[in-house]
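You will see chain A twice below: alongside chain B first, and alongside chain C after that.
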Partner chain A sequence: MSTVPISTRPRRARRPPWHRAYTAAALALVLFVIYLVRNHGFGSIEALGITNAALPLALAAAGETFVILTNGIDLSIGSVITLSNVVCAVIAGNGHAPLAVAAAIAVGAGAGCLNGLMVSFARIAPLIATLATSSIYLGCALIVLPNPGGSVPGWLSSWTAGSAGAVPVAVIWLAVAIVAGWVILRRTSFGINLQALGGSESASRSAGINVTRTRILAYVASGTCSALAGVVLAGLTQSGDPTIGAVYLLDGIAAVVVGGTSLAGGIATISGSVLGAIALSLVSAVLLVSGLSTDYQYIVTGLIVIGALLAHTLQGRLGLRASRHVPASRGEAAG
Partner chain B sequence: MPRQPRSYVRPVEVLVPYVLVALSLLGGYLAVPGFLSSNHLSSLGQSAAYLGIIALGETLVLLLGGIDLSVPYMINLAAILVAGFQFSGMSATPDIILVILIGLGVGLGNGIGVALLGINPLVMTLGMNSILQGVALLYSHGSPLGEAPNAVTTLSTAWWHQIPDADILWLALTVIVTLVLAFTTFGRSLYAVGSNRRASELSGLPVRRTIVLAYMLSGLTATIGGLLLVGYSGQAYLGMGDDYLLPAIAVVVIGGTSIFGGKGSYVQTVAGALLITVIESILVTVNVNEDGQDILYGVIILAMAYFNQIAVSTSGIGSGTLGRTLGPFRGWLEPVRSRAEAEAALPEPSAGVGDSG
Partner chain C sequence: MIAATPADETDPTTIALSGRAIRKQYGGVHALDGMEITIGRGEVHAILGENGAGKSTFVKIVAGVVRPDRGAILVEGRPLAFASPQESRRAGIAVVYQELSLVPQLSVTHNLVLSNLPLRRGLVSLRRAESIAADALARLGLGTIDPRVPVSSLALDQQQMVEIAKATMSEPRILILDEATSSLGDAEVQRLFALVRALRDRGTTVVVITHRMHEVYALADTMTILRDGRTVGRYSVAATDPQQVVSLMAGRDITTVFPAKQAAAQRQPALELRDVRLHRGQEPWQLTLFKGEILGLGGLNGQGQRRFLYWLYGAESGAGTIHRDGRRVKIRRPSEALRHGITLIPEDRAVEGLHLNLPVRWNLAMATLRRRSRFGIMRMGAERKLTTSAIARMSIKLRSPFQPVSALSGGSQQKVVIGKFMESNPSVLLFVDSTRGIDVQTKFDFYEMVRDIAATGAACILYSSDTEELVGLCDRVAVFHDGVPAMMLEGAAVTQDAVVAASFAVVRGAG
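Now for the complex of A and B:
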């Protein structure tokens, strides 16, 4: 006599939206091929340069992905990167490097938590709440370190920006980010709740998901990822700089968009965002080896971002590969 | 006789930011000797005019439920181009007209992307900002040349008796925009589209035209802002618009215009611009550093956004406000109900990005 085993594993809701990450992967591949042709080869030095530029952006973009998945937005990622960067450099400069890394990450998580509380409890629109806290975190960073300075021990640099043999450490971290992102989004209840919340808040509420906690955790995840980016940048530059995070705000959102995450929420892949960040980092490398002014970088990036979103919008409209109908919510087409 | 449309602007919400302006002026008077001297007031008005004019386009776009993040490099490009054209020997009138046309053209590009191609406005204008940054860098080779034409410098810095010319321009624009919003088809459509785009389309309103026009006006006012700023500093430099990305949005929000669209007015933005300018001036004169200014700036935005959020979620500011203010925390105060029930009983939080798709 045998009993039918009852699976306790929850059924997967739907196939992950990998197809939306293909655009970023294809773009990164094309740019990489152009780079190979132009540069007549690819050595460990080139790999180090490109991946070191991509890693902080990829981390910032991965964090932003969690928030955009909830149909929110985090405009404070640049300031959180700056704040954790200066906290790390100042504390490490006083000779407490492990404490510095822990403090930087704690500060990032705390900053993200404050964002989440503002959005969930004060019910301020994420755009405005994170815009305001961005200003506050930047002010705090300026109090901690008004001018570039601080220092970081050699081991932290080699752990973030060094090479393990011919392989840059950053490559390992990028791979870790992709795997960790996949595990968190697809294999934890937090990730499943997050996708549900992005899909429909009222349905998630009805299904018994703690919407408030999930949303706050998304902002905490974003703050933590930005803090990691700040620590990586401290390792990369071996110092702290209160202006270092500014560029990562818009570039981070751009990488998420190129990665195929829907700004309407509910559809996201971390791997897409990481690949998007790699693609955007390759743009300047390709321009450099092509002998073009890096000023073109901004134009090309802008066109790529708009083009990527246009491609995703058209993809959605034509129903290509769409595993479910994505309603053109108030946003996708509105003013 | 046409039915009177419902009011999108509540008097009390217009009044509150102005009361705050008055209070901050009073605070300045008490904290800083000579704060209310006519010279200082005039220079305050001049700075507020730059910010207010830049925020005009952003107000229109936010009323629509959109957003324009291309303002910083719209400002910077206008400043670089007007000085650069002057350097290459163009006379003032065609120079200024050409720059304004370029600004309108960029706005047209944004509008087409958003209204016709259906690209999310956040991303469209973000990408446009990046493109404009590239164009500005390529045109100037990293070091902008030339000077602002005299007409621009006069408009930006001259005073008519004690009244800065920039404020006269600002006042004129405020009157025009207020009349346009209240009485023209474009103005009414703007509120309608911001309130409910689908319903506006079904009602036969020219939705796409309204959106394109709003983004063009945003390009126009950012360009005028760029001209005023280059007139003020005499020369253009790279990054001169960067300081206006967040303030342009913050000022609109502080004034009480909803970023979800359909509610607010430019008169409120004017108060927001005045409030921020006065507070910044007080902070500078009492020697608060940049760090303190940044923190306070963020706190003000949060406070005003929270206030406006309460004003939106209730039917007005009245006796019921306090009880509803406690709304989010009532779940903690009432032990009888479970947390989930308390949450389910609450209204939907306004947690979406303005209008991101």
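Now for the complex of A and C:
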């Protein structure tokens, strides 16, 4: 079209942020190897224990990823897990198991929807909005089931916490979560709109994306994933417990961070969050087989989160150097 | 000067876009106060006016981002309902904004297809997205941009070209370029112009908003001049000269655009730069900077001009020594540069130069905090005196020194940035593309300010992507190529033609 010389240069290709999930994968692998060495072997019992511990956390983290991707945060995941857990156990205890699962998921989606509406229309900061709703959802859970109880039928337990031959069912669900997360984030309009929204709200708006709907859907996705975690926990414990969700809030966010999702929004992988959850849930197993008290797991988890953040920053810097990136305000890469 | 005859207003087939009595108020301020505009089909139409004249508001209304209080906009005779950006896009309007509207974290491909994701069985087809993106880039001659990389890894001018590719890929019937050239170098501007002409030849109507007069003359057929939210008139570009345009915009006569240059009588070196190498494998080069001069850095965009200034400021790596009065001074970081009286005025005042939410007074005081504090406690009296004098010296228009900087106009913000650095009495000032995207009147004020600063004996180095500005303002112009000042133009040799010719000649010579 023109013979004018080109002042721009080709730059090294930088693919989507898969590499951000590597840290979590490496961490999970290292912890797993330590576990194998310490435990002198690995059988189906151990596999079942580890994956059953990882699945609910992975689901909660996967859901949280959608919200953090939009630059928000969902502090209600723990309470939504609890609420859906007790709803599931109570209804199933009355003999309506399929209805119980559907109701639990509907409750989670509805709770997420309310979060999204608060953030989008009441314009309350996500941190405060979900802190408030978290308290409400927990209160509801305590009304539904004040003390641990309820029950779930055997088939629900075997579908969530059982084994298919030597392979724990939870492994299959973890794999499904990773694949489904990839498809949703990379291959659906919703996922791409989410990434755009997290990257730049104004740019998304001018590209004609329905920003409000996308944001609400992110919270709905988070609530739904938490509800799935609540159902899985009901299957695992074969009952409901109004205190069961609390630990999943901070561990869930920690797993997302370890998985490489940027807290500034716009960059996330579901696989990273799932791997982060697996890594974090391996911590207590490793401590156990190392003969250390599991009381240390909080300290270790905290160190891992800090270490992972440093690793991501370092990776980012190295990546930038490799691609000779100079902040736009400094202009060109003379080189 | 001849007012251009508007295309036949009763015949909607000849008019692409028209606006009738458009009003828009923000708070108590009229952004548009009964603006009228008629743009003929297939013409390149420039909208000119100072900052605050209402150009951007008009663009936002046409784009469906902002709703007018009153008035109508007709696209090919049909009224626009101002519902949403989508509606405007459906009417065949595409806008390239001054502020980039790309998502930095997403790949170039995703950004290009974002408003119209190609779906296959409900899922986004990456393959089709990539081929659409590659086509759109190729059409603009941007084959060197890898569509898979995130937009944030591209240089600013590349990002701007991607933005333009995004707007033109839908084959709009009306393309609006809102300050689209402000971050482009000459080469990109030429490519953009070629594209605009090609689009016009295919019947597209192009609306250009720019502060660069020579671009209007290079590109536009007709123009509408705005002043204070009202239309001054519609003119034919060929029949109006730049001087007239400027006085129509300002509502008064501006005889000289640039302040008179200094006679190069006494030449005392302010700084001597020896054996400079901005990157490895480069021949070392020398440069002497004289007191009281304005040295311009020219050349194509991205030839190391910015890097050179940031190196001198201690913010970029590079080899070479800096000497003043025969003694070597070491500058390894900006704080050392400031101590030696070398100051850099950053280009992006919002990001690097100012704390937008803080009062003007604190912003002005920021650069000299240490000097005015005793045992870490600030002396408020000194601060008041200093900021009062700075506001007077720079003639910054404000209601109170405690107004946040964000409440000031762009021009006044610029003055605050410069005022802040002037209080430390610098002897060398480095300006990085300071007039990017500011209006004509503010530019004039800026030119006079730089000339006044130089007249006090300070040396100024000014990098600008606007050649007209380099020629009008600078005593000498160093034309950069690949990190080296490949050619030095001086005195009468500093002409527009010479600078442009040198920019391209050095590329060919070295290439």
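FYI, the second predicted complex is superposed on the first by the 301 of 335 C-alpha atoms of A that agree within 3 Å, B and C clash if a C-alpha of one lies under 4 Å from a C-alpha of the other, contacts with A are read in each partner's own complex, and residues count from 1 in each chain.
The working rule: a contact is a pair of C-beta atoms (placed from the backbone, for glycine too) under 8 Å apart; a residue touches a chain by one contact, two chains touch by 3 or more.
Owing to the predicted nature of the structure, the values given are computational and were not obtained by experimental measurement.
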First, second, both or neither for A:260, with chain B first and chain C second: neither
Touching partner for A:187 - first (chain B), second (chain C), both, neither: second
Chain C versus chain B, contacts on chain A by residue: B
Contacts of A:195 with chain B and chain C, given as first, second, both or neither: second
Partner chain(s) touched by A:63 [first = chain B, second = chain C, both, neither]: neither
Partner chain(s) touched by A:205 [first = chain B, second = chain C, both, neither]: both
Contacts of A:138 with chain B and chain C, given as first, second, both or neither: first
Overlap of chain C and chain B interfaces on chain A (superposed complexes): 202, 205, 208, 262, 328-335
Residues of chain A touching chain B in the complex: 70-73, 118-129, 131-143, 146, 201-202, 205, 208, 210-212, 215, 250, 253-254, 257, 262-265, 293, 295-303, 305-306, 309-310, 313, 317, 328-335
Touch list for chain B against partner chain A, complex: 61, 64-67, 69, 113-115, 117-124, 126-135, 137-138, 142, 193-194, 197, 210-211, 214, 246, 249-250, 253, 259-261, 289-302, 305-306, 309, 313, 328-329, 340, 343-344, 348-357
Contact footprint of chain C on chain A as seen in their complex: 1-2, 4-16, 183, 186-189, 191-192, 195-196, 198-200, 202-209, 262, 266-267, 323, 325-326, 328-335
Contact footprint of chain A on chain C as seen in their complex: 63, 65, 84-86, 89, 95, 97, 99-107, 110, 114-115, 117, 119, 122-124, 126, 139-142, 144-146, 148-150, 152-159, 161, 185, 187-188, 190-191, 194-195, 198, 278-279, 300-307, 310, 315-316, 346-348, 351-352, 482-483, 504, 507, 511
